[in-house]
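Everything below concerns the one structure shown next.
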Amino acid sequence: MAEAQIVLKGVGKTFVRGLQRTTALAGVDIEIARGAFVAVVGPSGCGKSTLLRLVSGLVMPSEGSVRVAGEPVVGPRADTGIVFQKATLVDWRDILGNVLLQLEMRGIDGPEARERARTLLTAVGLGGFENRYPHELSGGMQQRAAIARGLVHQPGMLLMDEPFGALDALTREQMRLDLEALWLRERMTVFFITHSIDEAVLLADRVIVMSQRPGTVDHVFDVDLPRPRGLAARNDPRFAALTDAITRIFLSRGVLDEQRLAL
Amino acid sequence: MFEKNGGALSSIATAIALLVVWEGATRLLGIPTYLLPAPSVIASDFARNWPRIADSSWITTLNMVAGFVLSVLVGIPLAMALAYSPQVERSIYPIVVFLQILPKIAIAPLFIVWFGFGTMPKVLLVFLLTFFPIVVNTVVGFKSVDPGVMELARSTGAGALRTFYKIRFPSALPSIFVGLKIAAALASTAAVVAEFVASDSGLGYLIITYNGQLATPMVFATIIVLGVIGLVFYFLIEFVERLVVPWHVSMRADQAGA
Amino acid sequence: DDAVSLRLNWQILGFHAPFYYGVKKGFYKEEGIDLTVNEGRGGAATAQAIGASSDTFGVVDAGTVIVSVTRGIPIRTVMSVMNSGIFAVVARKDANIVRAADLEGKTIAVTAGDALTQLFPAVISANKLDEKKIRFVNVDAASKVVAVLEKRADATLGSVDAQSFVMEARGVAASVLSYDDLGVKLVGLTVVANEKTIAASPDLIRRFVRATRKAFVEAQKDPDGAIAATVASKPELDGKVLRQQMDVSLAKLTSAATAGLPLGIGAASDWDNTVTLLKTYQSLATDKPGSAFFTNDFAK
Amino acid sequence: MAEAQIVLKGVGKTFVRGLQRTTALAGVDIEIARGAFVAVVGPSGCGKSTLLRLVSGLVMPSEGSVRVAGEPVVGPRADTGIVFQKATLVDWRDILGNVLLQLEMRGIDGPEARERARTLLTAVGLGGFENRYPHELSGGMQQRAAIARGLVHQPGMLLMDEPFGALDALTREQMRLDLEALWLRERMTVFFITHSIDEAVLLADRVIVMSQRPGTVDHVFDVDLPRPRGLAARNDPRFAALTDAITRIFLSRGVLDEQRLAL
Amino acid sequence: MFEKNGGALSSIATAIALLVVWEGATRLLGIPTYLLPAPSVIASDFARNWPRIADSSWITTLNMVAGFVLSVLVGIPLAMALAYSPQVERSIYPIVVFLQILPKIAIAPLFIVWFGFGTMPKVLLVFLLTFFPIVVNTVVGFKSVDPGVMELARSTGAGALRTFYKIRFPSALPSIFVGLKIAAALASTAAVVAEFVASDSGLGYLIITYNGQLATPMVFATIIVLGVIGLVFYFLIEFVERLVVPWHVSMRADQAGA
């Protein structure tokens, strides 16, 4: 059998500044098959974004090895699309320009590229805003522009870090549907970080639940809901069972305290 | 750096006010012309001699612009090398600083000996006197790219060159323009200094000549013409800045004031 | 004692040694003057400083005095110290310039716009030279000597007491033709005071002139002492060069018209001649006679 | 009867750049009583953040009037605490310094202030991270630091713009409980923007549902669930009814399309 | 701007390499000493005259530091006024630029007439030659505060003063330091130029004296000493920068390189 698309073996990551050391990840083993849709959930600060950076080749592990498509990761791969946790649009380009930047950085240009960028912007609900500058957009609009930017070059591997975090319920649901449809069509490998357990279960083939910092893989759930899941999947008892199971893991970590006057 | 409308007017008003005070002071206090000529005296002397000044202005402007362009052409690539490679920075940067610190006016006579009398030593002097602000500001610009944007750039797998002109360069532009403006403001002085030492023409030469003749009003007139040329050049750079980096925070009107 | 300052015309040259000698020997003290000697940055700047009463006395060349006065600077020469000019053509010995006629066909390094250059046409016309046969290259003041040393020029315009010594110190023999020898006669360095000082403190000026005269006379008798006094105040000075400069410049104190007169007395004819030259060659606009620019009242 | 704490009458806001005009809000009328907890939900880009800026006095309306505590708003009020949509921590101070900044800007200093800042940081789960710089924190950690900063000066009026957007389910739930407890104790006026309909209903006395841009008040729901709502409220049929009603408004605006291949 | 370890070593290596080439070239090509003295000649002449240079260095350093401090004390408040008030900016800024453009060396002789030969005109000249980079960089720094941070500041209702020293000032510090570094690199030249015109002491005076004597090796020795003083001053400012703004992106090691 061919090696999986993404393979992490005993991966650890420690940040060092002076005497201060922060271990973000320790002993992480993950295998993601080519074309799989994997979601990652875990408490804030447990190392999810760090994990994404490791897979993308933006940072190197302190321990263990990261392999993508059979090769050790030594740097970013051009066939990857990343949607970062922060939108990080560049302020000297309008929204269209920001999306095109992804293509231009790969040497892709021309009317076709422009067309695709425009279509994507319309798809994320930013039609008519192509010529606005980032500071003229709302938080959610910036995030949607960043999503368009992450998809415009039709990457074979998609890494998304809470891409729908700043979106309202309706937009979020539509984006979820659109992403599933896209994935069903293109079958790229997707590594999807989210805070919404629902979203993880609705989208992914497999949900990785991470533990507190230093982050490790706590549980892995395979989601065997039929595709396309669409809106109906929410009513499937397996959906409820899975979200419940994952929620329970979360709850088992810390007991929610209704009475404390912490703030 | 200042508002489109009213800007020119407002500064002209200030300038006129200063002139009136100056004229009044020299008259009331009876300051002799050889110490501080009144604007009216400067104006009338200037009116008599302007063709000479006009010719010289042209020469000085050419030296100034040529030296400035050379500064840009050398300064920005140099800043690139410094910003990109810690090794280059470690070994070259102190030398660049040292070069900047050397009093160019003291070595200017050697320039003439080395390069002869033509345009070359003058342009070189303007270059040496103006390139440093460009380098320092540009280096900082290249180094201050938002780390998030840098990650985005790296994630595309683009080469250094493309990353440079699609990301680092536009991101550094506001900073580069600060350097360009400081250099532009230095350029006219630099051209004149070069002409002090190495020329028989240009406004610098005129200043020396008039100084030797104790023709203080003409010294002032020449300096003022030089100042005007410098101002025009400076605000031209600023105008280009407005065209090129309208998106920068410092350009947004609402940023002024507390 | 009266606190008095003297602003020299330039950095210290041999000509200035007697002033330092006078201070060292207490000649000024004897006259009740507490003198500070300050170096200068050119005659024009010194003239302005005296005009603005920043200093009491100044060493300024006659040409600059005349220009300054016509520009309205209220100064006047109170001591016409050097009555022969020190302007000169300084050449490499191997350029063989011994007479005016030898200048034809030669290259001369000049600093455009300075008095030396502006007055050079007087040399040309006094000797009926063909201007077209002389080539000029423009150099800044500091590089004139280098241009000659480097053989980019055969000669340069300078003063009798400066460039030749520098050249010889670099091992290049030099020859000197003064403007005087070339028939262009100018009054040289003088001591000036502000008109206000002249009107208000004639006694001070008289005492200063007396002390200065004594300093020059004694310095000529004790040149080594004069040089020693000067070097003591500025250790980086080269005593040997200074001595050569002093010897040359002290030989220029009198002109034909002032021969035998006490030091510091000027001759109206010499000053008239200087004014005429400036009018002719430096487009000086004045109808004052030479006597308007100096006074012998204090030197008598 | 005394005037309400926050009164917006016919408020509109149009952004102008050159010839381009964006009307973010139009004809907004809102009254919020002193001590009330009001949540705002609405589609991305409908003007929620703009509304918050208007109430805070950071921007002035193009039309209509904004009054707070009986006075027309002419600028920011010192007794307001704001948690912005973006964390906007200053990069020259560590996390503790960032929280203290809020106090220092008000001239408050000293060991007591320090103590309070530390306590709050611990409360939001950042104990031990006081001396980290913002770029050393995860997205959710930055957001929590910003929440601590918004509360540290014990404001009488609290404006929060999706404060829990970047937090995982568990942390989010705990923060929600803590915020409710804090509010029950202090009874400050709270203006709370969120994308989570659940969260809005669980926290607020009143939920304002906004329409698409240009944003107006579409519906207002009063939430009469008993306090403290704690964890139990989710099981209350009124909770389900309200979230359903609000969700239905959202859905009525745009029909979710499961089949489109927009991306 | 460069790494702690290896930095000094690396630049010393470069400097030594340059010196060797220089020495070799002058010897092989037989360049006369008065044109370009070999380093060995410069060194031996310097060894003979160093006490004099040491004294003068002290004077020059004082003028330089005094002028620089004056620049900072005037430049930063001026930049504040320019950044805060569009009116002030409109009316004053072009005049500030004009002042910068005027060739100070041309008006320096007037300074002597106006202020005498004392310390005053020298410090003033250093000030005039160095304050502009500080002003321009500081203005941009003040204007480039992150708009989000500015909103936060305004939301606290803090006064302009507090907003200034808690927000605008720290936020502008990286930019201010760029200005300070450019000014620091200009300061030694400025001090020497001032001494050219208005002094009978200091390194500038020495350079003129040695120049007049065509003592080229001593001219070079003096210039090199001046360069070293300037370098020390410059890297002192840079050292302070490291202490004061360690948090800035441009200071993070990982920012270098593509």
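Residue numbering begins at 1 within each chain, and the chains themselves are lettered A, B, C, D and E in the order written.
Quick note on the criterion: a residue touches a chain if its C-beta (ideal position, glycine included) is under 8 Å from a C-beta of that chain, and two chains touch if they have at least 3 such contacts.
Worth saying up front: this structure is predicted, and the values here are computed from it rather than measured.
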item	value
Any chain that touches subunit E and subunit A	B, D
Chain pair whose interface holds the most contacting C-beta pairs	B-E
Centroid distance [mean C-alpha coordinates] between subunit D and subunit C, Å	85
Centre-of-Cα separation between subunit B and subunit A, whole angstrom	49
Subunit B-subunit C separation of Cα centroids, rounded to whole Å	39
Per-residue overlap in subunit C, given as positions that touch at least 2 other chains	44, 48, 52, 142, 146, 150
Residues within subunit A bordering two or more other chains	86
Residue numbers of subunit E (touch at least two other chains)	35, 109, 113-114, 146-147, 154, 163, 196, 211, 248-249
Listing of all chain pairs that touch each other, if any do	A-B, A-D, B-C, B-E, C-E, D-E
Interface residues, subunit E side, partner subunit C - complex	32, 34-35, 49, 52, 109, 112-114, 116-117, 196-198, 200, 205-206, 208-214, 218
In the complex with subunit E, residue positions of subunit C that touch it	11, 38-39, 41, 44-45, 48-49, 52, 54, 142, 145-146, 149-150, 162, 166, 169-170, 234-238, 241
Interfacial residue positions of subunit E with respect to subunit B in the complex	1-3, 6-7, 10-11, 13-15, 18, 35-36, 82-87, 89-95, 97-98, 100-107, 109-110, 113-114, 132-133, 136-137, 139-140, 143-147, 150, 154, 159-160, 163-164, 174-175, 178, 181-182, 185-186, 188-189, 192-193, 196, 204, 207, 211, 219, 223, 226-227, 230-231, 234-235, 248-250, 252, 255-258
Residues on subunit D engaged by subunit E in the complex (per definition of touch)	53, 56, 58, 75-78, 80, 82, 84, 86, 88, 90-93, 101-102, 104-107, 133
Residue ranges of subunit C in contact with subunit B within the complex	42, 44, 47-48, 51-52, 64, 67-68, 71-74, 112-115, 137-140, 142-143, 146-147, 150, 282
